[in-house]
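Starting off with a structure, shown below.
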Amino acid sequence: MNIGIIGTGGIATSAHIPQYIAAGANVVAVMNRTRERGEAAARQFGIERVYGTVEAMLENETLDAVSVCTPNALHKEQVIAALAAGCHVLCEKPPAISAREAMEMLEAAKAANRTLHYGFHYRHRSDTQLLKRMIEAGELGHLYAATALALRRRGIPGWGVFTDKELQGGGALLDHGVHMLDLALYLMGYPKPVDVIGHIGQYLGTRPGVGLMGTWDPDTFSVEDTARAMVKFENGASLLFDGSFMANVGPRDTMRVELRGTEGGATLFPLHVHTEAYGALFDQTPAHLEHVDPYAVQIQTFLDACQREPEFEQGEQAVILHTITDRIYGEA
Amino acid sequence: MNIGIIGTGGIATSAHIPQYIAAGANVVAVMNRTRERGEAAARQFGIERVYGTVEAMLENETLDAVSVCTPNALHKEQVIAALAAGCHVLCEKPPAISAREAMEMLEAAKAANRTLHYGFHYRHRSDTQLLKRMIEAGELGHLYAATALALRRRGIPGWGVFTDKELQGGGALLDHGVHMLDLALYLMGYPKPVDVIGHIGQYLGTRPGVGLMGTWDPDTFSVEDTARAMVKFENGASLLFDGSFMANVGPRDTMRVELRGTEGGATLFPLHVHTEAYGALFDQTPAHLEHVDPYAVQIQTFLDACQREPEFEQGEQAVILHTITDRIYGEA
Amino acid sequence: MNIGIIGTGGIATSAHIPQYIAAGANVVAVMNRTRERGEAAARQFGIERVYGTVEAMLENETLDAVSVCTPNALHKEQVIAALAAGCHVLCEKPPAISAREAMEMLEAAKAANRTLHYGFHYRHRSDTQLLKRMIEAGELGHLYAATALALRRRGIPGWGVFTDKELQGGGALLDHGVHMLDLALYLMGYPKPVDVIGHIGQYLGTRPGVGLMGTWDPDTFSVEDTARAMVKFENGASLLFDGSFMANVGPRDTMRVELRGTEGGATLFPLHVHTEAYGALFDQTPAHLEHVDPYAVQIQTFLDACQREPEFEQGEQAVILHTITDRIYGEA
Amino acid sequence: MNIGIIGTGGIATSAHIPQYIAAGANVVAVMNRTRERGEAAARQFGIERVYGTVEAMLENETLDAVSVCTPNALHKEQVIAALAAGCHVLCEKPPAISAREAMEMLEAAKAANRTLHYGFHYRHRSDTQLLKRMIEAGELGHLYAATALALRRRGIPGWGVFTDKELQGGGALLDHGVHMLDLALYLMGYPKPVDVIGHIGQYLGTRPGVGLMGTWDPDTFSVEDTARAMVKFENGASLLFDGSFMANVGPRDTMRVELRGTEGGATLFPLHVHTEAYGALFDQTPAHLEHVDPYAVQIQTFLDACQREPEFEQGEQAVILHTITDRIYGEA
Amino acid sequence: MNIGIIGTGGIATSAHIPQYIAAGANVVAVMNRTRERGEAAARQFGIERVYGTVEAMLENETLDAVSVCTPNALHKEQVIAALAAGCHVLCEKPPAISAREAMEMLEAAKAANRTLHYGFHYRHRSDTQLLKRMIEAGELGHLYAATALALRRRGIPGWGVFTDKELQGGGALLDHGVHMLDLALYLMGYPKPVDVIGHIGQYLGTRPGVGLMGTWDPDTFSVEDTARAMVKFENGASLLFDGSFMANVGPRDTMRVELRGTEGGATLFPLHVHTEAYGALFDQTPAHLEHVDPYAVQIQTFLDACQREPEFEQGEQAVILHTITDRIYGEA
Amino acid sequence: MNIGIIGTGGIATSAHIPQYIAAGANVVAVMNRTRERGEAAARQFGIERVYGTVEAMLENETLDAVSVCTPNALHKEQVIAALAAGCHVLCEKPPAISAREAMEMLEAAKAANRTLHYGFHYRHRSDTQLLKRMIEAGELGHLYAATALALRRRGIPGWGVFTDKELQGGGALLDHGVHMLDLALYLMGYPKPVDVIGHIGQYLGTRPGVGLMGTWDPDTFSVEDTARAMVKFENGASLLFDGSFMANVGPRDTMRVELRGTEGGATLFPLHVHTEAYGALFDQTPAHLEHVDPYAVQIQTFLDACQREPEFEQGEQAVILHTITDRIYGEA
């Protein structure tokens, strides 16, 4: 398969390109608006052609699929262009910056009859997949309560455009917390939200301080450092969400999903399962869980899907996801 | 001081009566609708007189103060009667079963010009008080995010009337979670709530199972086993709440309040404080914190207050607290 | 029910008598060859009559059941006498000191049509019972490998007659290790042994040294301090046994049974279960397992059995058990 | 010294060849029936000549010593051929697949007057050697009880011919457990066995499941996955053995030897020593034990021995070892 | 034996009197300048006679031995009076408040030919005695370096006269640190000091603060809260000492002696021994060390000594000990 | 800047040269009396010129700064020569081997008006610098007690000239312990010493034994393996020092500085701070402290200083430091 890469920033060169190559796919072209960056990536991986615009790449190449690895605000336009050009698309997370955009992307996929995947790599961990199998087998029963936590103490990224509201659409929620939010929804089966309230704020990011993920510029920090929410679903369940780029928490950062069901409960990460059986309470932990590179699984999963009937499920989930994020941001 | 005790159930005999005696107060009468129970308590502590109604006790005794230790639905009437009889009142938690009731109790206290305290004993722990002093000294700055957790795995009380909605008004929220909800609000300075959503449910309590706090009757279980909420406040802060009488969680039950402020963050219990100073992040833990019996402090605090100008602050907080619980229950 | 107690040593006064009383049974008589000891026990528990011989007690009392708590070599004769007198019998462990004796006791029970129980209290722990339920539900599949360990570092009892071969029949195996040996067999369903080899030795008990269970007399130490064996069963399974009264092991003493089955494995104590499911390996641990007094359960189980059809299962198991111990001692 | 290598599989290229080179020996030729494999190994290490048969190598080369690294069933013939050609021989473990073979190899060594070593690398660990020195100094006294454990949870090798009964002679016992069995015997001074019973079985290896050491083929799995035994020795001591390729055990795999002596006891790995002295019990642990590569020591030990009088001790031990394994397999 | 008790404060009633009684000695009289205190102690233990002065007690009683449990500054006079009256004497620690006093006490003991013991109860712990036996057997070789630490974070006693320089002679050194100083010297064999420098200071005790051993009065705090020293001995060894009543240290208080010898090193408490043997380094810890009450051993040791030839060794050690403390205080 | 390197042993090639290069400085020449060693270093780092004497290097090069990385006894002469040639100098620790030498070096720096730094890299750790900032802000108040520990169990270096008294001037104190001694003094603000006693000895280094830092020659071991001291300062504070190259201590080696002040106390390494505040005791630990390479900071600090007014503070501290070491060695 011929693959094109749109955007050559961090995730493209650390994950997408090398994993496509490892999976035996043919990465034939990269696109970056800043030509030198595109050329550097091409040189690093021995890719033949470099483009400065999406249009040029799509016109000149015969691509089976593309990965979109650009800032969030650019996803929608680029994804739709690639779909329209007949490509299957794997777009990095978050899908978009609003439910409206996600809906347009879904519709474009259906119109083009092409698979649309999003890069939520936490889904592809082996512990996540084990829990998913257990949930689908009914081990936890009806899931009625979820908590998604994505809390960093001093984790404002010091590189890229992560603090630029216009390019990224958001910070603690849209770019960071969205990992755990999606994961909880994915494990719950993406129930339909009926009520949402949210709390979005800037408390620490706009003043200088210790940076554990590099040094950021507080003067241009325009995204939220704090995002909290509660979501109620049509099936009676609820979800509590708490996310931060920077907050006075400790002792370690937290990336966690907790689920409570009528038959059992579970926590990620690591995976713990809590059940009642034989008149006793049990705590279960997987022993010797196989380690896999989630990005490798993600790329392989996408490549496999490209060989089958087009899949729109992730596109539909993205609409639900952004319906929630829109309401947390108060934009809908 | 002459003290009367209304209700002689658990908390009255394990905490109120012995602590009044230890503090040197004069417990002269107890009241219980079931006469033998009242007499048993009186015998145990050498209390002279026993009454079967509040009215009888208030008419026949000259009391300085009373403790109200009856089921929650009875608080309002009994507290108002005692205040009207000129008594200072210490009423067990929760204050009432609705904001309307709490308001009536506050107004009665003001009308009678008598102190009205509520029995939230977690406030009187030495770690809570230490954190309160630190917050008041500005160590945490503006508190903009709180989380209150009160999660039991199999903790439906197997005694008393705790599973009776009519007498108690609620379970996971009103009787159990209210401890952590009040504690978070108390430490935040009881800000004014402006938006609340809640999730109330019965998932595990209505079927048989392992009981770690005795054996309950699932057939008459009429309170919620699950309560979750998000509250937004006028000052921009928010609070996430999660409570259960019984849920598939583990490995240990959780009673916890987490606070995030602009200058520092803190977690109870135990107390950890997280700050930034000297260009570094610090985790602080109190060493050798003095152990005190929170009930002893509560009784002494009440007795001291009875000697001063009447206090209505706790009465006012109760109105805010029940405004929130009403909205979580969807009753307002 | 009217109960008689034969022998008033340690286990009788620490467990049998108080548990009968707690269960509401009527302990009407005790027997001890040393009259003062019998009278001391009777005084301690308010028991009416004391006898110096089993015959005298059985002749003069109308007993429903008796507990036999004498040295091992006396069990057979006393149990048979009690059964012949129409009593149900609970005999302390080990059942006897040979398979031949155990067989005579079983036959006597059948002839008298009375229940015969043996006091293996480890069977009555809540973790043992939980594992038993799991095994019976098939969680472990076919059990093909067992290990029973009963290793003390310096645990020669400094009281009683535990080091007297003539009265006790043995030490590390017959009196101490027999607990874990029975437990493994009980959990395996008491399969039929077909091959046994054993190793019995005196290495440390016959010379002075540190005593962690009191001071013993090395000069009269006549039982084995070391017992090891392997047993093969008709169903293809095998059992490894290792026991000591005193050995250079550490850091802690070991009382443990390990079981390996085709579907899962388990270890006691504490209980851990190891399985494969959902393409993963799981370690399961019971959380919050209810604590029970195994002696209380044992006495209640015996009293309950006395109300039903006579039970000979434990009598039959005792024959198998002593068939094994005989062969380890090389006596059969 | 000129060295020839027979067999170029795993242990030859990961240990023997590089360690010979590191020790300054001259590896001049390798032999592999599959020519390309031999050539690959030669290329990797810059070895000059490659042969397809043992005979060709021995005829054409003037070798001082050879290492035999082929499947177990081939050891006997190849070792004898090399000895007959005047070479000292280091043969990988297990020595052979029966006592008869081991005896023939020993006799060949004596006839050729050449040193015969076997590759039990656990003997060469620094903790093993430390314990050996302590035992020889009498620290543990007479060793009367040993336990050898080699338990893997899901450790059927997914490579090589380890599951092929014909080529390997066995699995859990002969190829894996033999490490701990030899180690226990080595530390005990290789006492003479007088009685053995064993349990050999296939329970989990013949059906699919999780593989922690690669993926094996359950359909062609022809060795035992379970091996257990008890051995009694002429000097009164006994040994319990438990081994598995795959079993429902946990939480970690176990490679352990436990020894109990009249003056002290010890456990490997890691090394703990338990003694009584000064009227107290002591637990001793070596601190900062030097880490050595056991294979480096093994090769150096062999090279050193080649400079001295021929050594037959390991050849004699191999006969004892296989006398035991024969009886466990029931072949003798 | 007839025993008299001089002083009835803490240590007399918690340790000396009950241990004499437990050992079967006959406590016939107590003395306390405050008559009610003497009578209270007598009543508590059923002692027949109470005196208000030492002189009165010694005149009216025929005593075999006395315990002196008064403030340190009174020891000398009372001990000498008791010796002169023909009593063996057990005097609480510290022996005295100067070397001159200790010398007078020793001379009085010799003149009276009576045993003089001092109450350093740390010497009588079972771990201390085990180490003493090991040192005497040569396990540690020549002891050339010692460290004695007695550090409390907030441990100024809130009772008694411990902060009164005149009555006690000192605080962090003379009353508290002297325990570890004596212990180190005792284990080293009380070598002769040849050079001492010390640091005595008041830093925290004279101002208010948290008190973990009760509330003290900073205004009358007249002893040192800090004492540090280095001592060099005639045999080439040295000792570092560090003691505090109150200091900003953590996380736990420290009572420790460390010894370094040419053959081994040791630390108390708990006991760890570090040696080199068999070409390896070993860490040894006693397992299952018998727990004894050091006071019980101390009293029994004293009573035993009273039956033998008089012992002056402890009296001589006291002179050395106070030679050191004098020089640390700068008084000699 | 042009840099010359005097001495190309361990610290020069592992730290100084690569850090100068990383910082962008121009290392133009190296000097080593053994020409091949100098050339090897030059080759490794691509340095142009190699000299066999300091004089030759200084004459032929135009250097801005030099690093002196030779044995301690050579420091004085080489540093003074370099200063005289107009170079700024960074000299490895210890500064010299006597206070007299340190004074001459300081005077030479002042005469040449060039910066003189010493390579105490522990000062440049991020935890040390954090504590330094806290001390300067008054968090610990007046520091009145310090302890410096540098204890190795078997840490005599097996390479270089570390055991040669003539070249190094000392061992446990001058070469190893001096790190912690300097660190304590640096944090205390280098107070003026007024009284010192020391203990210098050879106990284990002169006989063979286990070596954890390589194999040394006990026959030529001429430095002390043990150094202990107490220092009293003009400001009333004191310092206890304990150092060893080899001693029977455990379980781990110790590099530690403890400080006690009137407002707080601290321990390095790792950093713990102990304070009293809000009526409670606090233990503070930095979380997520940035890891820096102390050598990188040291070189950068030196390069920065070369751009400013010459600094003599470290030269002055060196005089104080060696005044103390001289007195411990008894040489002054």
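Think of it as A, B, C, D, E and F in the order they're written, each chain with its own count starting at 1.
Keep in mind that, in the parts below, contacts are C-beta pairs under 8 Å (C-beta built on N, C-alpha and C of every residue); 3 or more make two chains touch, one makes a residue touch a chain.
Source: prediction; values computed, not measured.
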{"item": "Each chain counted as touching subunit C and subunit F at once", "value": "A, B, D, E"}
{"item": "Most distant chain from subunit E by Cα centroid", "value": "A"}
{"item": "Same or different contact residues where subunit F meets its copy subunit B, judged by the half mark", "value": "same"}
{"item": "Per Cα centroids, the chain farthest from subunit C", "value": "F"}
{"item": "Geometric centre distance via CA averages, subunit E-subunit A, whole Å", "value": "68"}
{"item": "Centre-of-Cα separation between subunit F and subunit D, whole angstrom", "value": "51"}
{"item": "Approximate Å spacing (C-alpha centroids) for the pair subunit E, subunit F", "value": "42"}
{"item": "CA centroid of subunit A to CA centroid of subunit C, Å", "value": "60"}
{"item": "For subunit A, residues contacting two or more additional chains", "value": "153-154, 210, 250-251, 274, 279-281, 283, 287-288"}
{"item": "Touching pairs - complete list by chain label", "value": "A-B, A-C, A-D, A-F, B-C, B-E, B-F, C-D, C-E, D-E, D-F, E-F"}
{"item": "Residues of subunit A defined as touching subunit C within the complex", "value": "130, 133-134, 137, 274, 278-289"}
{"item": "Subunit D to subunit A touching residues, read off their complex", "value": "153-154, 210, 212, 250-251"}
{"item": "Parts of subunit E lying in touch with subunit F, wherever the complex brings them together", "value": "140, 142, 144-145, 147, 153-154, 195, 197, 199, 201, 203-204, 209-210, 226, 228-230, 232, 236-238, 240, 242, 244, 247-251, 258, 260-265, 272, 274-276, 279-281, 283"}
{"item": "Of all residues in subunit B, those that touch subunit E in their complex", "value": "287-288"}
